[in-house]
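Both complexes shown next keep chain A, but they swap its partner, so chain B is in the first and chain C is in the second.
Here is the complex of A and B:
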């Protein structure tokens, strides 16, 4: 492959990205139904949350407790709005700060004392469950497992309250946040932090001996991931105008996040987004074809797919496709 | 301070709850110690065992004890299958993949139970007497569960220490590679261990179904606490998990006495985090 080919390849990818963003920008004007917009917004918000998880997941920090951060983000914004009248513009940042604090409190002992792999996964799993239980236990304010609806402000469309009757507003907000998420991914991907954390993932002792501050680096990526997840949670609560412990917190949500990322592929920027597209489309198709009488069918298929993916395609859909493309290119070159 | 009868009652109930939790932690720790795999879906196996007892006893009228035995054997077979179908194909991939594969199994079993059995709460409809000792109310079901859990643990101890295959299991847990070189069929040991782990889950199911309603999400109500117990005791440490179970159950029942039950769990978790600062490797764990 000549240098010129590499260049055209790069410009090709750039052009494709620009075209993709252009299509996404004009999408609401193409006259899609409300249902279509709803699916798109869901995909964007979840893709953002999945990307946030994958920021640390791909570096070997597999958290099974991101439902905790999402729940904090979602509940903080709704509680502050309902009880203190604080606008989501402040509520979401407060939720993000709380999630970061929690991430640091849990992360510090984990990383300082080298709790990795299984231990880390189990500790975070328990964390997610405890946040869910705390939300339920505070039922006087949170409504327990019944959930909570943010108070309506005026006629239901207000930038101050971050409530919109039309889906277009949320579509653009979700699109902006999703793009920002991808941007952060790219920044982290190019930073020294990534290389430091890859070294840490390979051999913690060796990385430390090279002068990498293992605990600090891990805490930074964990705090970033928690912050973005809480932001996604807050946004999701504003969009649905409803929160309950089982849709924004707990083990099931945490495992959903992990599942979608693995299916999409956690080692590439668009992998989590592919995961969001795939899982949401799948569950919508199943819901439409079989209706509500078969509760559990979509999750049964999810679970089976997750097992099959881990056994046969551990790099996920996008990662495996890229491997395949790379292999093709190598074979073409060899010919 | 005056002697508080309610506190004593909570402590005794905590001890009794600890027995069942210890049994759950024992199965999980055994599997981890030997195969180095965490079954995130362990509590879902217990859920299926509870359904087995429910259907056999309350629906088909099989005597309770017999239904319990069938459930134990059934879940043991399930444990065997979990290893055979899910774990053994990826035994050489990174440990976290195995954990996530059983996470997929958790989804599957939970959703499949929902699909098959619906999301009603089901109760075997057995009312065991409440024992009153010195103004304290002790549930007979809990006492029975405690006793059976202890018996199960003693049986496991005897099996591991007195039988040939038990010795092989302990040897493999000490060094997987060397034992394979020494001619031990590790595949067979793994399968047997998985079946025993499943059997312990089945026994726990029989004891839990006496006290709690069964529904597809029931695993989530004691799965996470079991994982905390295992980490607190030191993963793979049978005795550590045993002690940790009783510590955690005290937090839950005493916390539940003064506050809500959820707060008991939250307190247990806060204690758990504190312990991680002090002994991250677990009560009896050794640092690797």
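Here is the complex of A and C:
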């Protein structure tokens, strides 16, 4: 391929991105139903959370407990609002800080004592459950398994309370946050931290012998991932105006995150977004087709698909498509 | 330059080093020879801070290395070429080299040092975009040495650079070590290939079962009857 062709390829991708963002920006004016907007907002918020998970997951730090960070983000904002009247504009950052603190408290001993791979996954799995059970145990304030609704402010539309009767507001907020998540992905992707963490993943001892501060590097990416996940959790709580331990925390949520990212592809920026689009569309189709007749069917299908994906498409939908495109391009070049 | 005074260390309840004292002076090439399990690799890991000592003192240019982290030890000018090369196999040669210049202090000199390493090892320049794990053993050793040089060391620790390599390649690797030496680096090398390494260094220590059994100039050790019988096989 000549340099010129590379350049047109790049401008082509840029143009496509710009067009995509343009379509997303005018989408609410195209007269889609509330249901359609609801699905879109869900996809954007979850895509952001999945991207946050994949920031560390792709570098070999597989967490099965991100529900912990999401739960902290979601519950902190609602509890502070309901009991102390603190605006979500402060509540969300406080939730983010708490999630980062938890990530550091759990991460430091794990990384310092070289708990990696499956053992790290198990520690995080336990962490997710501890947070979920803590939420349930504090039922006097959190409402236990029944969940909690943030108090309504005024007529239900207020920037101060981050509550909106119309879906357009949340759509734009979610869109902005999702784009910011992709931006952070790109920044991390270009950083030396990414190389360092790949090196650490391949050979921790060799990386340390070169002066790479293994513990510090791992803590940085974990804290970043936890912070963004908590932000996603807080936003999700504000959007649903309802939180409940099983929808924002615990093993189910944590595993959902991992599943969606694996399906979409964790090694490319849009992979987690494709995962969100795929899983949410799938669960909606299953819900509409079967309703409540076969409860849990979607989860069974998820499980089955996960097995198939891990065996046949380990790079996920987007990753595999990109490999295919690269192969085509090579073949075309060879002809 | 580097001084170890009665250093002891081990893994859990197993003690691998018993009061080891060695010294490396600036501009020297020094070898630590000895059989398998003598504690040679442990010695290297202790110097790099990858393993903590249980007692004793280690100092680089008069500065104690005992309570400082591995990345700070690298900053004092100690570069480590680990045993079995330990490259990052799924990173390219250039990315491996880049990792050697990861420390903030080294980043500013990245380009300059990269040019230096490519100048020293033109083969690495040719293979810069190849995955490190797909190269031959000798090339991997070259890359591992280059990666350690990227940290900007004045003292290079080399842990069994000839291990696991074909005899022809072993010769090439020792030639590399000689070039590094002639370039003005101080070298502390651990080897089982006693005959070869003694041709290369100024002095050597014989390590057995975690203690220094003897030491002296390369000629003295080559002249020692017992050492020749046990390790050189002639």
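FYI, the second predicted complex is superposed on the first by the 335 of 335 C-alpha atoms of A that agree within 3 Å, B and C clash if a C-alpha of one lies under 4 Å from a C-alpha of the other, contacts with A are read in each partner's own complex, and residues count from 1 in each chain.
Quick note on the criterion: a contact is a pair of C-beta atoms (placed from the backbone, for glycine too) under 8 Å apart; a residue touches a chain by one contact, two chains touch by 3 or more.
Everything numeric here is computed off the predicted structure, so don't read it as measured data.
Peer 1: According to the stated criteria, A:250 is in contact with first (chain B), second (chain C), both, or neither; which is it?
Peer 2: first
Peer 1: Is A:117 touching anything from chain B or chain C once the two structures are fitted on A? First, second, both or neither.
Peer 2: In the superposition, A:117 contacts chain B only.
Peer 1: Contact-wise, after the overlay, does A:134 reach chain B, chain C, both or neither (first, second, both, neither)?
Peer 2: Only chain B; A:134 stays clear of chain C.
Peer 1: In the overlay, answer first, second, both or neither for which of chain B and chain C A:196 touches.
Peer 2: In the superposition, A:196 contacts chain C only.
Peer 1: Classify the contacts of A:186 with the two partner chains as first (chain B alone), second (chain C alone), both, or neither.
Peer 2: neither
Peer 1: Identify which of chain B and chain C touches the larger number of residues of chain A.
Peer 2: B
Peer 1: Report for A:297: first if it touches chain B alone, second if chain C alone, otherwise both or neither.
Peer 2: A:297: touches chain B, not chain C.
Peer 1: In the superposed arrangement, which partner chain does A:258 touch: chain B (first), chain C (second), both, or neither?
Peer 2: After superposing on A, A:258 lies in contact with chain B but is clear of chain C.
Peer 1: Which of the two partners, first being chain B and second being chain C, lies in contact with A:208: first, second, both, or neither?
Peer 2: Second partner only, chain C.
Peer 1: Check chain A for residues that touch chain B in one structure and chain C in the other, and list them.
Peer 2: Looking at chain A, the two contact sets are disjoint.
Peer 1: Taking the touch rule as given, give the residues of chain A at its contact with chain C in the complex, in rising order.
Peer 2: Contacts found on chain A: 192, 195-196, 198-199, 202-203, 205-213.
Peer 1: In their shared complex, at which residues does chain B touch chain A?
Peer 2: On the chain B side, the touching residues are 32, 38, 40, 86, 89-90, 93, 95-97, 99-101, 103-115, 118-119, 216, 220, 223-225, 227-228, 230-231, 235, 259-260, 262-263, 265-266, 269, 272-273, 276-277, 280-281.
Peer 1: Mind pulling up the chain C residues that touch chain A in the complex?
Peer 2: 48, 50, 69-71, 73-75, 80, 82, 86-91, 95, 98-100, 102-103, 106-107, 147-148, 150-151
Peer 1: Under the touch definition given earlier, write down the residues of chain A that touch chain B in their complex.
Peer 2: 60, 62, 64, 105-106, 109-110, 113-115, 117-119, 121-123, 125-130, 133-134, 136-137, 250-252, 255, 258-259, 262, 294-300, 302-307, 309-311, 314
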